[in-house]
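Down below is the structure, laid out as structure tokens.
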């Protein structure tokens, strides 16, 4: 019972990934990341202030916000600014991005400043949150490099790479990097965030249909490990370009 | 490097669990569940209507809301009703409870009605969301049993038990069922939701400190499997009382 | 034209009242108060800050918040936190509780700290606001006693007891302590708050059906005086236990 | 210990009352009512629809909204529309006005239409809610008279007059119709709403300072009865002009 | 193709304008301005504080808020305070009033204080925003005169008059000062704000129907210049009364 | 007193304009428009429903929403979705875009469907609203062409082109198409919307500093006419590509 992916993609194959640095002009880091048809603009903004719980601590803060343009999707969604509130989904995703980025930041070394990562989906085709995390890391690196270049930081507060990918089970087949039509059809959907060292930062697996077994979980984690290792290599390549 | 738990609790030992059915009078199901010092009131309400996306479908809906009394915690938290919005944390938790309950419901068999599970934390000492899921299942069973007893349902729409537990790594030691002081100190915090058959419904693991290895993850899942099997037995015992 | 009360209760008889101190663990005062089927959890929280209008005044503040669990009632009500606002009824009630408590506090003697009384209805059967006031007083006493015991206060800022009861006219019969089915049926509904000395703090009478005469009002106040005197005695008994 | 009122007003004397009908052009009823320096514009709007709980019932509805212009008061208050919410005080007052008006309406005779009474304070000097009720009655009468004149109603749904006044105890002296400086200084503040027949619709008494005795309450009610009888006469005089 | 105006008003004729100073008692400036059936209460409040972006600058601030009573119009509109938000229209208008007033204020000479202009429409018959600007200027002058009289200001911060009028094209005829039925019927609607020197502060023209030509625009501006010159004279006359 | 523009741009010269159709995949029209450093993504979405005021009328509706990504600007702005409300500026702009588009739509010919134009600023350097209008027209044309191609419309409801440009006076020099540093420095800022026939749809001029004379206004309108004629030609060129 195997599932035929579009473009003859193998079960353990990522979609084409493209990372464009300097996509917009003003932000300290600005990255357009594409996972196939998913396109997310990730900007990193450095602000010389911290939220109340960090004031006077000598430590900095890293946080994220997530949004989706109303017509990033097949049918138009409501604009959250017009509705007057962010959905539960949006809040979950931006909290996930924020935690993932903080996992590779030494907040003491950042000093009392904040890096805000804005991840805005221009076009959605599945995996927007994992593309956002993967792109936000590159934007954050660019922002930190500016702080280093201008002498505002003497040493990087970033402890290593972080990237993310989705995995799932569609018609019984474990797949890497779900696109939209796979996401809709899957029984299990899992988002995995890992460091460059191959350790887990976040694992969020949900059985949309049938509950999944321990063996299935093991296979999904293996796929994620493979995909994230590839993404980390692409991040480094983009940063050295 | 082991961690000494309060009350000489073993690393793979649940806190005392107490399930009180019929805790309040009006709800179709009303359960007070206690995991040690954590006390959550779970009520199941049956309503003869469904949300718009289910109208005319012949299918029902199961959803959940979560709240915490302002002084359930060590220091008083803001009342969400007074602030005018639910926090991102609250929304994440109630979405998790709702998905977990739907995982064991056949919505077609429920008919066009809704079961709302309200999980309100009277006292918090870690693990409120896992207690909520475990208690909500018992409340839902009571509500369904009333529908069966009154002939409104001919067969149960519930496909089997569901329960949840937290696991984590504190000072390098994997622990089952974290209480508050352990939760604060942990490097990794994972909430696991499983069916009575031992399959996964949700796995949400977060590295609060250092990222965790695949071996640590395996040990955490093993602890969760053990704990959830015990919880499922306690649910059944409470329901047969 | 007399009204037959449930359980053969006399017209001037309170429902069974039960006051449980220390119902939850964290709050400085935590009282579950029951007026028959009405059960309200009242916690008193001491905070070392005051609202802006009291800052630098040397005076403290006493305030209250009120909530009702969604399924405290016969049919489920909307969760105010999910709706994003407190109803007019909720605000009226919490303002009433706050004023009633401040009536027996010498805010100068409290010092620059705040006591927040959270009154959350676990189960509703009429008279929730009067139960809340009566229970909140006991919780406040416990909180003040902790401040005295730890030397943070040298003398009590509480000037005496306060308690509350509802009275009303059902089918022409004046009744003490209305339960839900009486409340629904009544022509006149009055909530009375009095001090231990038998003086009035609040009188809020509303003609739901026919307007009421001065003679009816006099009889209602007489019933309230009787009931509140009994409640004050029960408060003291609970506090001395 | 007597209190000297401004303008040598006697303790049981109303301020000059002025009722101007037809103050604005569009509303079915439009009344400017003045109690001394308090000026409230009360409009009655007839709408051919009812709220959901009355749809299909054959009954109508009567409701009220209350507002205060930001600079109606000595110092400017926030505009509620700009803050995005009505205060608890505003909601309490508009609920009180609505209940008071419904007390003299036979909703069956009104038919499935709504009368909305908008009471907006142009200038405040104490007693705005009682002036609002007294003026809203006149506006409602004008609106009903238009419905009768155009044949939309065959018989009046209004069962009789309703009016309101404040009473209070200042420096130990019971006073009728408190103006602002008296309201600020009073120990007890009571708002009383009565029908033309001299029966009570609402009694809301609050001890701002010392609790009040039964004897004081009796005297306050006597003052209110006197004042409301005078107001009812003035309403009729204005309506017959 | 000419349009017959009500009351035989000429195309370039203002409606009767009436300016009543001191309409309410508490505000530093309080003006009721009437453009025919349009009646707007404009109050000027002086506050000894400035918004954050002016703190410590030595400069003051001038701002405006706009509201419309629910039944100022032919059919009742929702109360914005009850809806919990100001409409886009309201925000546009109050921003326009604020900019117009700041155009004739030297904020440095005002010192660190704020003048808030509240413009509340009691009755609407077209042109409420232009009446508001014209009346707000008079209220602001009264408020500044009080600051000068009490020595809080040594010299006026007002650089000259400002007034506003609407113009439009109805059935091909350019008209000055549109009333409601003209506003509804017009193809082009333009609001013009000018100084006493005849220079433009704001020009906001909108083609409701057909787009308008340059020649039509020229004629509309000519009408506006005429009307505003007359309004400025009336402002001065009212201020010297 | 002339102003030296960046890149030796002449006073009456547009910045380089680039119009990219099909920028994103899902929308019926998707245009990235660039006015120099200003980049706005304009999508047109066709929905088979109309707002309540058009239901059953046989007519369609055209509306617009506007947003700015938080880091489109030099310093990061708050995300409106996170703040829970759109600013007054945002609402003004999206109302302007909507009116401008409706000026060239025959809503009867559109049938009962809605075209929503979402204009989201990816990078801001002055003139975002005029770029949005100019790009939205192209997106709307693409959407209408799809309706024509699929036979859902038999004839175009678009009556002709519409485009917009800003003009202003900087240091006494009238300039066409202000970029950000010019916008900040200008005394007068005017946005002009015109049809392909050279008629005015909207004129919104504001004196930020000194009020402007009639002669200055005439010169600004002349510049706008020139710029818009050029923009209309570029729109047609892009649409025929």
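Each chain carries a letter (A, B, C, D, E and F) given by its place in the written order, and its residues are counted from 1.
The rule is simple: a contact is a pair of C-beta atoms (placed from the backbone, for glycine too) under 8 Å apart; a residue touches a chain by one contact, two chains touch by 3 or more.
Chain labels with UniProt names: A, B, C, D, E, F = Ribonuclease PH.
Since the model is a prediction, treat every value here as computed from it, not as a measurement.
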| item | value |
| --- | --- |
| Any chain that touches chain E and chain D | none |
| Equivalent interface to C-D, taken from A-F, D-E or E-F so that over half of the residue contact pairs match | E-F |
| Magnitude of the superposing rotation for chain B and chain E (Cα, nearest 5°) | 180 |
| Copies chain F and chain A - interface residue numbers shared by over half, same or different | same |
| Distance from the mean Cα position of chain F to that of chain B, given in whole angstrom | 51 |
| Between chain C and chain B, distance of the C-alpha-averaged centres to the nearest whole Å | 33 |
| Where chain A and chain B are represented by their mean Cα positions, the distance between them in whole Å | 28 |
| Contacts with two or more other chains, residues of chain A listed in rising order | 84-85 |
| Sequence of chains encountered when the ring is traversed from chain D in the direction of chain E | D, E, F, A, B, C |
| Complex contact set, residues of chain A against chain F | 24-27, 30, 37, 39, 41, 43, 45, 47, 65, 67, 69-76, 79-82, 84-86, 90, 116, 118, 120, 122-123 |
| Interface residues, chain C side, partner chain D - complex | 85, 88, 91-92, 94-95, 99, 103, 190, 194-195, 197, 199-207, 210-214, 217, 221, 225 |
